[in-house]
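Some structures are shown below for you to check.
After this come two complexes, each holding chain A, first together with chain B and then together with chain C.
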Partner chain A sequence: MRGRMRVALVLCRRQVFESLVSPGFYVLLSLCLAISSALTAGFAASVDSSGFDPGLSPLYRLVSGAVSGTFGASFFSRLFAEGPLPFGLAVSFLPMLAFLSVTSVFRFGHERGAGAVELIVYGPADPTAYLLAAFLKDATLCILSLAALSAAVLAAGAFVHVLPGRLFVLTLAVVALASLAVFAYGALCSTLLSTVTSALALFIGIQLVFALLFVGGFALVSEPVRSVSFVAAAALQWVSPLFYCSLCFRAAEAAQGAELAGACLLLAVLSASLLAVGHLVIRETGVRA
Partner chain B sequence: MRRAARALLALAAFAAAGSPLFADVPVRTEQVIYTLVAFNGKDYSPTFAPESSDTVYVLANTDNFLSVRKTFVYWWPPEGRWQTEASVFNELEPGILEVRRGSGEPRLFELQRYTYFNVNGEYEQNWKVLVGDAADAEVRRAQEIARAYLQAGEEYERQHEAYLAELRDLSGRVEKLKSLGRDWSMLKARMDSLPAPVQPRPPRDYVVPPSPVQGAFVVNLPVGRYRVRLLDHDARVLEGSEKWIVSHAARRINGVGYEVIPGDKWTRPSESRELDSVLYVSGAADLYVSPFFEQEFNDLQYARTTDNGARGNPRIYSWSRIQQVPHAVLLLQDAAGARHRLTEEPYFVQQTRGAGLGYTIVPFTGTGDQEGSDANLKAFRLPVRDAVSESGGMTLKATDDSGKYLPGSDRRIVVVRPGRGTAALVIIVLAPLAVMAAVVIARSRLYSRNRETERRAG
Partner chain C sequence: MIQARGLVKRFGAFTAVNGVDLNIDRGEVYGFLGPNGAGKTTTIMMLLGITRPTEGEVRLFGEPAGPRRTDLRRRVGVVPERHPRGVWPWMTAEEYLSLFADLFEVSRKEQRIAELLERVDLLRFRWKRIREFSRGMLQKLSIVRALLPDPDLLLLDEPISGLDPLGIKQVRDLVLAENRGGRSIFISSHQLSEMEKICHRVAIIFRGKLLVEDRMKSLLARLSPQREMHVELDRPDADLPARVRTLPFVEEAAVRGNTLVVKMSRQGDHRRDLSQHLISLGLVPLSIEEKIPSLEEAFVTITQENVLALAQGGPA
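Presenting the complex of A and B:
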């Protein structure tokens, strides 16, 4: 196990280096920083003598319309009770999350198709080590980009006197944990299907289903749609990172520390379980395309 | 072909000409509806549940007035909601209301005559409900008070007219004496000493007078989901009367929110309801705040308690204002760490003199320009304009009259500085691209050096 981990770390270091010398990561990071800066600066422009009024800035008029229209005005006011930083952090990280997870699935499938993975596992590496390396690479880049993004968000907030609070710290932790679960899904999809396009389609499909279930459960929809969503969620929510995210935020909102810790732990357990399933699958199917 | 085209043209012309004849007139249908006057934690709100709504929402352990009626109902597209046309047809259905929880024993409610009203108190929460003869007596009492006030008003008008007439008469006589060059000081003294009639004060017995006595089932239920239907006296179920009642309660109580009145927009107050939240302001004006107790309800259930057709989110909870915190004291800590004890003071809104619009909020003294007026607002003044240059903001918390800290009353007040640091933000946003450029250059140099080495070696 220790040897496998060492190999995984070596492969991970190599993959992280390759990602850092290619332009994609930087372009995406710049995009994320631009989104977070715009959200923070836009918030400051939406404040008048009586407080936060989304109607004062075009960006926040749009955000308010979308969020309030989908989830309700109470949800919107709760989301911005502490300021724009938690929302800014979560929303601006989404492009990076999509980039890292999709490129990992793509790369795994591509290298598998080209026989590169097969070549690697002739050496000291095994398929699980390669899978673990891909996951660790994503986790490392995720932490790196979240750190950069948090620093930028805090700096943008400091310029306009917008302060971080407990919700910001919680959002940072929950986004990091949920990202690990998404990367684990990416790794699992890569092992389940041998071609790039099918693995990508499966991964995107799963994430879309989770997103729809989440929106269906939380959004202001008609009773029948909510009932369908409720029934579907009853079966699928236990494997959805978004469900555990909502548990985390609900526990924090009600100041239930034990429940919050439990929900965070469940998110980590979900990631570990997905990786374990991926390990079992790749052990059975091998790495040959 | 030409004939077909002509027929189509004629059809189009007919449709165009006929369209005003078939303009959208809402179709009214006779429906059995539940009307509800529901207690919402601070007052009573009327609403109704049409046939399309299968659930009525009430607050647990409070008196709510439910009645079953037959009336005309129509869908009103501009507001996207059902409306009743009760002025044409509005028939109260008699019978017994059967309310059953699960498979338990049903509770039966008889129609009662009721009224509800809010008696005058220092703060807002003084609602009373009376049924039967007591309701009739209370409404009569309110009518007598109103009648007495009207009579006093009429008497005042008469006295005022007589007073003005006497003043005019005396004034005329003074003018006459003046023109004749005779002494008019006696008349002047009489004019000055003439007592002006005192305008009667409006009665202060009620904040909200008793509602007209009506018939309804006074329903008070513990938390739960109940099946409800109306039975006639032969125990037959009235068709269309079967619905659900959801009786819900607050998840958290005694939260503290703040009504926030900016000094430059005192007619547009906002509310800070989220516990321990941050209140961001521009600092253009001082704030006048007033703490209130609030309770946290399920968003959808509470919204539908006050309006059965409202939208709400069943997955989240939201705070609702209940009543002002009585005799509160606010503790303010400024960015420098200095602590201030704030008390509630009356303020007067003074219109700016001259043609320009505007006003200033000044302490209410009841003298000078303010004589004969009441204070416009009672609030705690927060000197936000003094904190414009401070980045840390101020912290605020409330205590009750005994000095006990009120949990959840903490707020941070921060004055934002929009537009600052734009250049720095651009640099931050572009920094990854700069790193990328450096990496690409370094990589290409490395490759070209390697190629050079290989070329030399080869």
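Presenting the complex of A and C:
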């Protein structure tokens, strides 16, 4: 185990370095910063002497329409009860999450096909070390980008006199934990299917299903969709990161500390379980694409 | 170094490797020969403990090999068939080797990398990107990577495949130099003429079955029970074969152009007796050369025998 972790860390260090010297990461980070800045500035423009009114800003009119239409007006009110920072952080991180997870699946499949995993296995480690390295790289880049994004969001908030509340810290933690679960899904898809395109298709498909189930569960506009979604969600919710995210926020809203900790723990357990399945799969399917 | 007993690997109904026994000794160059698709790479994966055999067992350095025995695999430097260009082409040779030096926990890695690159004449390309390397350079780089942890055994899978004559010579020289330095070498290849120049012992695998495992000289001798001497003469007579056949050790004789071809018993060295007999007949032998069958001929003979046995319904 020590040897496996050491090899994983060496590979992770190399992959993080390569990501940090390539422009893609910075382009996406800039996009995330721009989105967070726009959301914070838009919130400031939506506040007048009577308080927060989404109708005052075109951006927030759009956000309010989309969120209220999908999740309901009360959800929208609760979301912005502490200001725009938690929402800004979560939404602006989405492009980075998509970028990191998709590139990771792509890289894993490509390198497996080219023989990188085979090379590692011929020498100092087993394929799980490679799997772990991919996950650790994603986790490191996720933490780095979340740190940069949080700093930017806080700075933008301070500029318009919006202070972060308890929900901001919770959002940061939940987004980080949910991202780890998404990365673990990416690693699992890479072990299940040996070609880049099929692994990517499976990964994107799974995430879309989770997103549709999540949105469908809230949707007020279409009852049939909601019914189907409830049934499907009952079966699949236990493996969906979004389900645990909603558990965390519900527990936080009800001020249930134990439930909140439990939901966070379950999110971490989901990531660990996905990685464990990935370990078993790659052990059986072998290192060759 | 490696002992394999009764290795079988099945993929569903297909048997890729069928009852292979191998024994690779310390300090030797062992050739593992067979056509493409014969089961060489599957056998190698089992020898390294990466793939579990369906039946049989492998002992690597005296201990049972298995997927978890990375400690044993660290003692084997593997040069796979595929080149590193497809893996991390954007890396320089230095970055690539440095990564593996870290993975293998090589101490004083800069010095070790420089020393090995110098040995294969690649030191001046240290900072060149892998994508710019020729096939020969890539193969040497792969060998350097495999040698980084100073392994007890160097295992090369098709090391000269696709190389030009100069590249082949460089790899051959490198392998022989490593072996002279005491390192055991295992080479899997389908290029027999080259293996003949390198290997001490060979095993031939065909359709998943090990047909033969022997020392190179014994294998070739076994395939030709008689010694065949080619004697170059100035003007051999047409009745010379009949006069040569009078010698007790000669079994067959014939004249081909200016050459007398004599097949004789393997018991003893009769070259002196043959020369004296020819001189007594008033002929001057200009040269005497023993014709040894090539490994290629041996391979064809062995595999053809096997195909015939299969066609007759006998065991392959």
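Basically, the second predicted complex is superposed on the first by the 287 of 289 C-alpha atoms of A that agree within 3 Å, B and C clash if a C-alpha of one lies under 4 Å from a C-alpha of the other, contacts with A are read in each partner's own complex, and residues count from 1 in each chain.
Everything below uses one rule, namely that a residue touches a chain if its C-beta (ideal position, glycine included) is under 8 Å from a C-beta of that chain, and two chains touch if they have at least 3 such contacts.
The model shown is predicted, which means the values in this text are computed figures rather than measured ones.
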{"item": "Superposed partners chain B and chain C on chain A - clash or fit", "value": "fit"}
{"item": "Which of chain B and chain C A:V160 touches, first, second, both or neither", "value": "first"}
{"item": "Included angle at chain A between vectors to chain C and chain B, based on C-alpha centres and rounded to the nearest 10 degrees", "value": "170"}
{"item": "Which partner, chain B or chain C, touches more chain A residues", "value": "B"}
{"item": "First (chain B), second (chain C), both or neither touched by A:R78", "value": "first"}
{"item": "Touched partner set for A:F106, first chain B, second chain C, both or neither", "value": "neither"}
{"item": "Partner chain(s) touched by A:V47 [first = chain B, second = chain C, both, neither]", "value": "first"}
{"item": "Least Cα gap, in Å, left between chain B and chain C after the two complexes are fitted on chain A", "value": "5"}
{"item": "Intersection of the chain A residues that touch chain B with those that touch chain C", "value": "none"}
{"item": "Contact set on chain A toward chain B in their complex", "value": "20-21, 23, 25-27, 29-30, 33-34, 37, 41, 43-45, 47-52, 71-72, 74-75, 77-78, 81-83, 148, 152, 155-156, 158-163, 165-166, 217-220, 226, 246, 253-254"}
{"item": "Residues of chain A defined as touching chain C within the complex", "value": "3-4, 6-7, 10-11, 14, 111, 114-116, 118-126, 283, 286-287"}
{"item": "Parts of chain C lying in touch with chain A, wherever the complex brings them together", "value": "48, 50-51, 67-68, 70-71, 73-74, 76, 78, 80, 82, 84, 86-88, 99-100, 102-105, 149"}
{"item": "Chain A contact footprint on chain B (complex, rising order)", "value": "251-252, 260-265, 268-270, 272-274, 276-285, 287, 299, 311-318, 391, 393, 412, 414-422, 424-425, 428-433, 435-436, 439-440, 443"}
